[in-house]
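See structure below.
Read from first to last, the chains carry the letters A, B and C; within each, the first residue is number 1.
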């Protein structure tokens, strides 16, 4: 202490220095740190969307940035915001507090806002690579692969057999769920990134052989174009057709007539799509499913709306035989009974002797699909075959690498799983080209979001998300003292009477106001949303604001390791560890 | 209130408060609201030591350390002098602990507010003589262990209701506040600053060391005290107009008690009795606020 | 202008002329007349000052500590119980180097309740670091109070002006009250060397460890020493303007005295009569009036008692278990002087009992006829009581 600094003329108890010379950091035996973690929604999302961050940006009114955050992991926000089965909401921590955040509606809102204001995304693209990749099938898997490969700097050509790109998005899902301009916008955005789509170019085995000379890799994502067979007598009657074909004709602008009663066999989204389309065409729809309503793989809300629109549902029946009787079709149905449960779904067996007949005018099958051509199937047991969670990679001694993805390889056949497949293919190919086959598994492993199979392109490309702690935040780790009960936004819809009149989109828009109020309900699990609690409550003024990414840092010269910041962080974005001496 | 009020800082790092000290959090908040034209009178309490030894000070405003019982009187003198010098803008703030307010400082406080001296008296309450080693004060709550109420001699007398004492003096503004509710605390400090005459703030300031709680629980416990109605947040103007600021979630008091080592000896029967006492007091407060006929 | 004033009023006049800015007061007999007048002056605007009607003497001193620290001139008055209640803060005032001035009316301590003169109260504060001046009459009180402010502010130590209960506080005498302009020349406005200032924030009176505390106390000791010199300077300046001077001690007929009385306060006045009388009868007697008690003017005392053979200290006070306090202090001052006079201690007038000329004469004869003192202090004029010596 230098007395010369003392400005007082008397030597008396009067201070003249501050306590800043006393570095109380030496008291510490626990050390807090900013440690952003993984939200359960993003870990569950097959595309690994950074949902907590998306909602955080939306709450701050940064819609463009929120939307771009989606595009990092999923080029189809307009689509998924409408048709995704949103497993994210099923894991949302907020559901244990009041109700899950309406992530699905918010994704749609962000996509629609971008379209409405003609916003162009600022996507990071790696420098150009020499390799060229061909993608067969412009469905969600193929287009996603092209999007991600383009981000990684590769030249991508997509070959689509139909006259327009989109696959099941264009030719399967009805307009009242997915309007055309929403889809077209997302596809155009993919093209704007540098992807070339050749429509009207079916790829036969011969064409494929020729293509192999021009490309370093081929991604086959043709999907399942052929329906499955019921294996019942009378199936080959002309009145029995594929549900998917019916939907395709509708999307082609041809209106296949369906007066009278149409029976639809199946319980998935395709079956529901067919049933609800029939209603809109003025017909009656009879939905026949072998298990119970709660076992149906279709989205619950779709089933509900179908029933509201007048679709009849018969549960626990399976087709046994089809016969023609004059103008009508007689469908013999075998009644099923429940023999147990597996994985939450009923296991059913025929109730011996119990059958009944349904008199209908036609039958649509919607019991599943398979690949059109054998070449579209990944070869089993080939050497140089690498099976990943959503793709299969085959590397022969010569020629391009063959990658299979989408419905061809996915266990769960959904749009978002197709996106995941496309992303995985892009990452696998890029790693193969840059580092080699052996590097693929560990490299992709490092890009996992949480503990599941979801991968993040943001992490893969080395952005800040790579610094996130993979620990998935649980509800118990949220400090709920900072949240009030707020009801979830209700997605506005057309009234039932209005819905059945046409193929107009059912879901209506929500305002920015409502959207922000809803996104504010998000806990932002594991993410710092700059609430400043750490700064507010630190007794030692050791949380210092700065201009870095975190916008604040801990001054370890003075931090006593009390842990208040960690406990008062509402969203577990900090961690407390032992102080190493 | 300026929107950047939370940004300005009047306490230096390097002070010697315990890890997780609630009194330090309270000090940060109050000074943010009062600003730099503040002179503090600091009678003997934890903060007398927290400010650091000569020649260091942890505060960015002038402080006059005062004898234990003189919080109200010393402030009266400072105010008189400032007024004589023509400075009516600077706030005179007495910052005292519960001991220096409820017990030894009671007379000087009562005298000063009876004269309606123009100053703000803040009592930060950690519910015992913490600076000298956790001895019991009249602010120690019913049921608490302290070093002078040990074993079966735990305090079987209720906490003195200092707020009602101040209300009885009919001063312009009396309020309770908690470190777990920063916005409410800042608003009240700001309101006090703008009021002329005597103002009293009773701030609940957790003490990890004296209450036997982990340091990271300071704010949570402070929040629970309010949520269980043990420490209600309310204001009284001119000794008559009561406003309750927070209608709590009405958690059971045992949730609050079981988190603290100083209460671990209490039986279920004791806790039931305490719940009744708390309910009674809360009803009385509601009655005063006009919420009950 | 010459006026007939009570001792208390003389104090009040000086405080008014000194332009004190903050006064705090708590009533206690016989100080009340001082503060009542000051309160009236403040109300009527004759003084521009804040008058704090505090709720105890302890708060009284606390308020002044606060006010003086904030940079204004302050004053209070008290007595007996009030002074002893302030004790903690008397130490604080000097430790905080605050130039507070206080009028202290010597009054006996309870129990039993006794409002009359006794010096034990002020002497029990002799260790608190306050400068103490014992006054004999109204003029001296007024003059000393004025000088007190200048002295206090020069050395940054508080000053106590001490006057006997009733015999001085309530006795009317002619007093020359100077004009404001004259006083302004002698006593400029308070220029604090430090003060609470939001523009230059610091902590007053924080925790001080053994590392620094001793030096701070030493500086107080040095200030007290400096006060001796300043006292003379200030008296000289006062004398130059007002033609009155009292000295730290006043020696009356000491040059050729064999026996010297040591007295303080109004007892001195009575003693002056006794001196005249004894001298008329050929006794070689003198009086050394003690005025400045802290800092103790040891050098002056040694000088004035050079030729005395015996000293009779009259204490209107007592330190139980030891002796009369002035006697102790004088003994201490003389103990290392070779051939110093024999010191006889006498306790008289405790609790307001009258100290008559007869009593003083008895003291003289006892001193003269004794070779050595029987005890440290002899209690004079006691009535017969059971079990008393």
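We take it that contacts are C-beta pairs under 8 Å (C-beta built on N, C-alpha and C of every residue); 3 or more make two chains touch, one makes a residue touch a chain.
Everything numeric here is computed off the predicted structure, so don't read it as measured data.
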| item | value |
| --- | --- |
| Most central chain, judged by mean C-alpha position against the global CA mean | B |
| Chain separated most widely from chain B, comparing mean CA positions | A |
| Higher-contact pair (C-beta pairs counted), A-B versus A-C | A-B |
| Averaged-CA centre spacing for the pair chain C and chain B, given as whole angstrom | 43 |
| Between chain A and chain B, centroid-to-centroid distance (C-alpha), Å | 52 |
| Separation of chain A from chain C, taking each centre as the mean of its C-alpha atoms, in whole Å | 92 |
| Two or more partner chains touched - positions in chain B | 51-52, 54-57, 60, 65 |
| Multi-partner residues of chain C (at least 2 other chains) | 202-206, 208 |
| Per-residue overlap in chain A, given as positions that touch at least 2 other chains | 13-16 |
| Touching residues on chain B, where the partner in the complex is chain C | 36-39, 41, 48-49, 51-57, 59-67, 69-70, 72-85, 90, 107-108, 110-111, 114-115 |
| Residue numbers on chain B that touch chain A, as the complex places them | 6, 9, 11-22, 24-25, 28, 51-52, 54-58, 60, 65, 179, 182, 208, 214-220, 223 |
| Chain B-touching residues of chain C, taken from the complex the two chains share | 21-22, 24, 48-50, 52-56, 58-60, 62-72, 74, 88-89, 92, 196-198, 200-209, 212 |
| Interface residues, chain A side, partner chain B - complex | 1, 6, 13-24, 27, 481, 532, 536-537, 539-542, 555, 557-558, 560-564, 566-568, 576 |
| Chain A residues within the chain C interface of the complex | 8-16 |
